[in-house]
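Read from first to last, the chains carry the letters A, B, C, D, E and F; within each, the first residue is number 1.
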Amino acid sequence: MPVLTLIAGSGNPSLAAAVAAALGTKPAACLIQGFPDGELRVELHESVRGHDVFIVQPTGPPVADRLMELLLLADACRRAGADRLTAVMPYFGYARQDRRVKGREPVGARLVADLVGTAGCSRAVVVDLHSPALEACFPGTVEHLSAVTLLAESLGTAREDAVFVAPDLGAVRLAQQFSRRLGRPMATVHKVRTGPEAVEVREIVGPIQGRAPIIVDDMISTGGTVAAAVRALLAAGCVPDITVVVSHGLLVGEAARVLGDLPIGRLVTTDSVPVRADLPLPIQIVSLAPLLADVIGRLHRDESLGSLDAFR
Amino acid sequence: MPVLTLIAGSGNPSLAAAVAAALGTKPAACLIQGFPDGELRVELHESVRGHDVFIVQPTGPPVADRLMELLLLADACRRAGADRLTAVMPYFGYARQDRRVKGREPVGARLVADLVGTAGCSRAVVVDLHSPALEACFPGTVEHLSAVTLLAESLGTAREDAVFVAPDLGAVRLAQQFSRRLGRPMATVHKVRTGPEAVEVREIVGPIQGRAPIIVDDMISTGGTVAAAVRALLAAGCVPDITVVVSHGLLVGEAARVLGDLPIGRLVTTDSVPVRADLPLPIQIVSLAPLLADVIGRLHRDESLGSLDAFR
Amino acid sequence: MPVLTLIAGSGNPSLAAAVAAALGTKPAACLIQGFPDGELRVELHESVRGHDVFIVQPTGPPVADRLMELLLLADACRRAGADRLTAVMPYFGYARQDRRVKGREPVGARLVADLVGTAGCSRAVVVDLHSPALEACFPGTVEHLSAVTLLAESLGTAREDAVFVAPDLGAVRLAQQFSRRLGRPMATVHKVRTGPEAVEVREIVGPIQGRAPIIVDDMISTGGTVAAAVRALLAAGCVPDITVVVSHGLLVGEAARVLGDLPIGRLVTTDSVPVRADLPLPIQIVSLAPLLADVIGRLHRDESLGSLDAFR
Amino acid sequence: MPVLTLIAGSGNPSLAAAVAAALGTKPAACLIQGFPDGELRVELHESVRGHDVFIVQPTGPPVADRLMELLLLADACRRAGADRLTAVMPYFGYARQDRRVKGREPVGARLVADLVGTAGCSRAVVVDLHSPALEACFPGTVEHLSAVTLLAESLGTAREDAVFVAPDLGAVRLAQQFSRRLGRPMATVHKVRTGPEAVEVREIVGPIQGRAPIIVDDMISTGGTVAAAVRALLAAGCVPDITVVVSHGLLVGEAARVLGDLPIGRLVTTDSVPVRADLPLPIQIVSLAPLLADVIGRLHRDESLGSLDAFR
Amino acid sequence: MPVLTLIAGSGNPSLAAAVAAALGTKPAACLIQGFPDGELRVELHESVRGHDVFIVQPTGPPVADRLMELLLLADACRRAGADRLTAVMPYFGYARQDRRVKGREPVGARLVADLVGTAGCSRAVVVDLHSPALEACFPGTVEHLSAVTLLAESLGTAREDAVFVAPDLGAVRLAQQFSRRLGRPMATVHKVRTGPEAVEVREIVGPIQGRAPIIVDDMISTGGTVAAAVRALLAAGCVPDITVVVSHGLLVGEAARVLGDLPIGRLVTTDSVPVRADLPLPIQIVSLAPLLADVIGRLHRDESLGSLDAFR
Amino acid sequence: MPVLTLIAGSGNPSLAAAVAAALGTKPAACLIQGFPDGELRVELHESVRGHDVFIVQPTGPPVADRLMELLLLADACRRAGADRLTAVMPYFGYARQDRRVKGREPVGARLVADLVGTAGCSRAVVVDLHSPALEACFPGTVEHLSAVTLLAESLGTAREDAVFVAPDLGAVRLAQQFSRRLGRPMATVHKVRTGPEAVEVREIVGPIQGRAPIIVDDMISTGGTVAAAVRALLAAGCVPDITVVVSHGLLVGEAARVLGDLPIGRLVTTDSVPVRADLPLPIQIVSLAPLLADVIGRLHRDESLGSLDAFR
């Protein structure tokens, strides 16, 4: 069996270190350095010849730099004789560009998947992709993990009056999974346009009145979708103690301000990307490290992922 | 400008002929013949050297034969010097296998897309794919058309008490499009499991009581999903005069019996696949021929599809 | 050394089971199921991660379904992490479409070989291809086996007056191999056109008068070629006790009727495809299982095939 | 329509010039020069940007140099912006390595076809390939022409007692074509091994006694096959005035001496490769130039080859 | 002839606009917008179906964003039906990573070239690559232009005592070109290590004493190389009025401070990347727009570049 | 670990044998035979199934034959089931065609690299490529070794008055390496054109007067560059006892005569290609066998090359 080597990109070094620790190892020594002109210099300080290499690199912001770094690391490993390259991308940037909406746009998700393949990665490990059908866009194999189990466990026993809320249609599948797992009902926020000239309003389907909503989604970026859902939930008479559970906590732009103004009691997310420390609301971070370490170990030892709760 | 040549597979020869007629031409003469052992013999009787070839072949049942025929036709055209090959697949078989659900399955949709590319088609034209993100799985370019406009027009002015119903979550996007276009509300049938041991029940979100449902979906296969939705709608007190509108009317297996037992006043679908003539309910077929002819003409003349209502 | 896993397609499950048994194993548990619309659902019930997988699937009738099933199985294995995929195709459908005869046809054999490669198989094992030069059309490596040794052994000591007959030119190489191996002369049936307007007649080269012919060919489909040869042999005064030996016994269409009318004492063939049980003549089936098991075992253990009598 | 440009390799410059003349043009000015160390320097002296380029280069002896030159010319054209590259290879070296005979050999024909594709040629034009199934080994499209019509016409009216002779089984298809076209019978020389220890003898099938043989084959290399056939024909009582007709007259090694000793009245061949001027027997050379010019012109103008007698 | 469309990335919009103006057109309307999370949204507002598209995008700082934008634009064009895609990269980032220096590094230049190919560009136009042999790393064709003529013309008649100086060995070829063109001598700054422990010193070869140096190089990044050369030249007794001529004026990091301290009378460079306006020294910018417009026009019209002085 | 197998092409069989001996093995038995028409027949006499195969084949003169042989051997190995194929090319022909100089030429180095990849080699081992940036042109991985250490050691302690001389700019990097390693100064021969009409003269930079020059270069072909350098050195007053050190001693054409007329006391080179025995000057050959054996052994055992002095 080839040697397992873990490479930590700068996308989330502490997550990579935790994954390595859980595997009883350390990330391989390597240099990742920016030149004054912004080009990256990458150099591996350990041999990877014949190794089974996993590069841990979420491609969150700054997404182009993170992606370029992943590609350069992969190229370096490939040329240095790595046996097999797996891109471990707990957060997969550009996943929302999964189709052309208006007609003359790129399909960014497919492009990124192809670039990762071009750089030599024959396999990817991803977590809670924005659209499950994205699996089909990878040129090689892809293991699509779910953080639902981890997040659900972190919620503990949900209060009796809890209701899982999908803030838009894309999140219904996730809400269903939480609902089934924790035995609480679910609701969905629909965007409705009341007329050709009218503005879009949000209408809620499911029991909300007097209940404590737990909004679930795959990611939170600027917080806009969550904020709109919260306002609709409050208008529908929910208990003003809202929990937000998302796999990927990007929290960019005005997110801190937007969320800070809302009665959000807790934000639960994973460390797929580094989470900002300056947010004006209580954040609970569930580490993906044990899950990723388990999966990487199984993949390395050619063991089945079938028994994994988080696998699909 | 190269010559436009239209090849008609046996997937729906009358659709292909109508497309050709709308383009002021005829399908190219060719032989498609089954040998006694089931292998197909394909031979083009006209030159396609340097032509811009469009092969019209929905890959409905029998799907493997239809697909193989498409691949053989493409290979024949490619070897005969066709300049560019476009697979016009109004119905795209295996679209529902768009991801691995349990973990050790194929991703049939990507496989089929790759096979079509392997055979030499650099472009595909498809209609109402089961999942919009499937666009990302094609190796070449793909034009993803929608039959919603055509189907909506065929409904004329909807009765006042109409409500568009998505029979499951996958159809919500479609129901929204109909709802906006025709100015009637929408409802969604959710599958809900009431407990770990309990059976799945269907719960309806949206106004149904006393309304006339128009169920919309991308396809109807055995009719099971529609039948379950109809039962739930009736239980919810809808007017017992139900319309079903689907892009692809496969109607296989027990579909005739299943649908015949229900108070379905009308089934509206397109001719993406040939529709069975023996169904015990009124069927209205909207031809895709004008749309496909328009798109093929524009693609051939390198014109924009942007102004097309049916484009995205 | 990776684990050997054998997958049995539905092309010939009993052959696959026999191969597995000879290897001391069983085909991997998997689901192959037809949906009502004819699409296949494939699911592996065992892990193949890191395994050396051999998919046993002759692509006899219904050829498109068999091929599609093979491609789906391969795609499932590839995505599930199989280390190497070998398509074991004892009968290789579309082998006769090995070139364009009239000019605007597909080269079906190359197309099929490319499709098998596209689906992830890097190696194929085939038996008595219609044309030996087909080896060049596979994108990966191919092991081309011969059933001649097995078939010759099954004939035992040929009677003194036997003569091996090639029913057309394509079979001459096979007839030579039998002739050399069993020490009996050979003859060839030539198709001759006696004039521009005249019909084609068959002329025999070699000793026939008073001899018992053993017609050998790579395959028998509808029986037409064999029937024509038999008539020519009888006209040439052969002993009216004819043996027919073919590697692949498709026996489709009118084969039963056509052959039943002829003085064929015995038909010897292999189980490359399942052989019909309803034929009105004595059939002797030689199983390829021991040979395939031997070859698969050697390939799996990285041993040479050089000493194999059936190799080339 | 892009400009047609013809590039003449050094494989047969006078053929290329004749082809160009028949097309009303001249080969493009280019430099092909050997460095003292044997590397080739290739430089185009005319622009080929956007042109439809045909490189005329038979890959006869010295085959590796001819092939390398073709590949370098193609690479130069591709980089200089040629629109489409067609390799016109009237003689295709390595065609006889069309399969592995003993098991650990290359498949030279496929390798060469792949190399030509790697260098940028998307199409090939070839003449009388050693094995028709080689068509399947080309990655792009291939137009496989036959010189039979030209050669048959050059024979004029065959004498009454002529018989077309295939010197081995591989030539039977050719002999049949001549036989049908010129209305004379055919015969075949079979190699027969009379016993395990015995030497191989040649046995003739068909009418020879008192007839004037016209031996036909795709190529003559050292003359060994023809010489053996001639001896067998003489032993069978043929008229000692033998004609030899081959598409490709390589005539290497001892060919001059071998053939000079035989009663060969005439050797008819094409100029697919330059024919040696020093042979001690009358040679009639039929130029492929008109055929190649016709085909190149049609391909360039995107016209059908279907009406061409020499096409298949 | 397909329509020429020019797309302007945000790498140097004013250069792109000038190129377009010189071609008598305008860059196509398109949206390039950053999302709050740093992902780019790209949308073409004009049809490019069937067009001959040139994307003008130097990949200077921030290099990863510029590159990602180029790739997304290319993907959008490809999917929108562009006929041919040419990446016009006046500055090609990562060109200095042209080989592995220490052994476990990426070859960034090849990686970037491959990525550009993966995104659909079949051709690139570049200017004064760091290493001429980089041409070999592009998967498609590449037109490698030189700014030497433009820069030399901008110098006008050089003063009598001028000397062209290569600040390191990589610049010697450039210095030779200037020297020949303007009829002034050249000198080279060599880095010399005087002993194993000793520091590196710069030694000058060529006439410097009393002469006015014109330092030429392909690019200036932080100014370090130029500063070292200037110090060495001054120490060698040159006239303290130094001119610096570079193709690419990145001028990042401490460049302004570093160069401001030196007796540099003039810095001449092109607009391959936008040049900072805040430099404390006189800068003369020579626009590449006329050259790029000329080349794009010729490529579009399939004309030769051979007569172009700047071509190689 | 797979079995290591070494295949010896005919490019330098004694080098291959020495490499094998150093690895404690012998080259695999195989047949490499020329047919009378110049085609090569290649056949492996040992199984390579699953082996880690290294083909030792410098592609010196006759370069096309050597290259074709390498490609055929690779194809044979690949089809015979080799696990991994490494092309060990101590001399890499066509390396000087690393870019287009005048505009319509091939990039021979990239073409050859691509051909080697097409034939199945995923890795190459090369020595002192003409241009280091050529590394970027290989499709797979490449290990670029240097013979400088070996050559420097063979020089022993250089005489006090020695000076390392780069005969042109391309050799400066090599001269620097020798200079640093052996503690002697260096000089460079520049080609200078004194005026537009004037002939090219050679000017020397560095200390020559009264010193003993050691000319170093990557290769010597016809000896022209060395001869010109020697004449310039003598004119500059060097000691008339000159040593020439090159990695690759092709010595083709007039090399013997050219060099024989010069005061060259010693020519030191490696056995990357077989060195002519008939040269009229003392030649010292340093074998690459130990280095290649060391590298092959490390690559085979998946060990790092990092500690190798000759690696980069």
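By definition in this document, contacts are C-beta pairs under 8 Å (C-beta built on N, C-alpha and C of every residue); 3 or more make two chains touch, one makes a residue touch a chain.
These numbers were taken from a predicted model, which means no experiment stands behind them.
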(request) Spell out the chains that contact chain C while also contacting chain F. (result) A, D
(message) For chain E versus chain F, what separation do you get between their C-alpha means, in angstrom?
(response) 33
(request) Take the average of all CA coordinates in chain B, do the same for chain F, and state the distance between these two points in whole angstrom. (result) 62
(request) Please work out the Cα centroid separation of chain D and chain E, and write it as a whole number of Å. (result) 51
(message) Two or more other chains touching the same residue: where does that happen in chain E?
(response) 47, 79-80, 100, 102-104, 107, 110, 305-306
(request) By the touch definition up top, name every chain pair that qualifies. (result) A-B, A-C, A-E, A-F, B-C, B-D, B-E, C-D, C-F, D-E, D-F, E-F
(message) Under the stated contact criterion, what part of chain D meets chain B in this complex?
(response) 141-142, 298-299, 302-306
(request) Mind listing the chain A positions that touch chain B in their complex? (result) 98-104, 107, 109-110, 113, 131-137, 144, 169, 172-173, 180, 183, 188, 190, 193, 195-196, 205-206, 305-306, 311-312
(request) Please give the residue numbers of chain D that touch chain F in the complex, ascending. (result) 35-45, 47-48, 60-65, 67-68, 71-73, 75-76, 79-80, 93-94, 96-97, 100, 102-108, 110-111, 114-115, 118-119, 221-222, 250, 252-254
(message) Taking the touch rule as given, give the residues of chain A at its contact with chain F in the complex, in rising order.
(response) 2, 47, 49-51, 78-81, 83
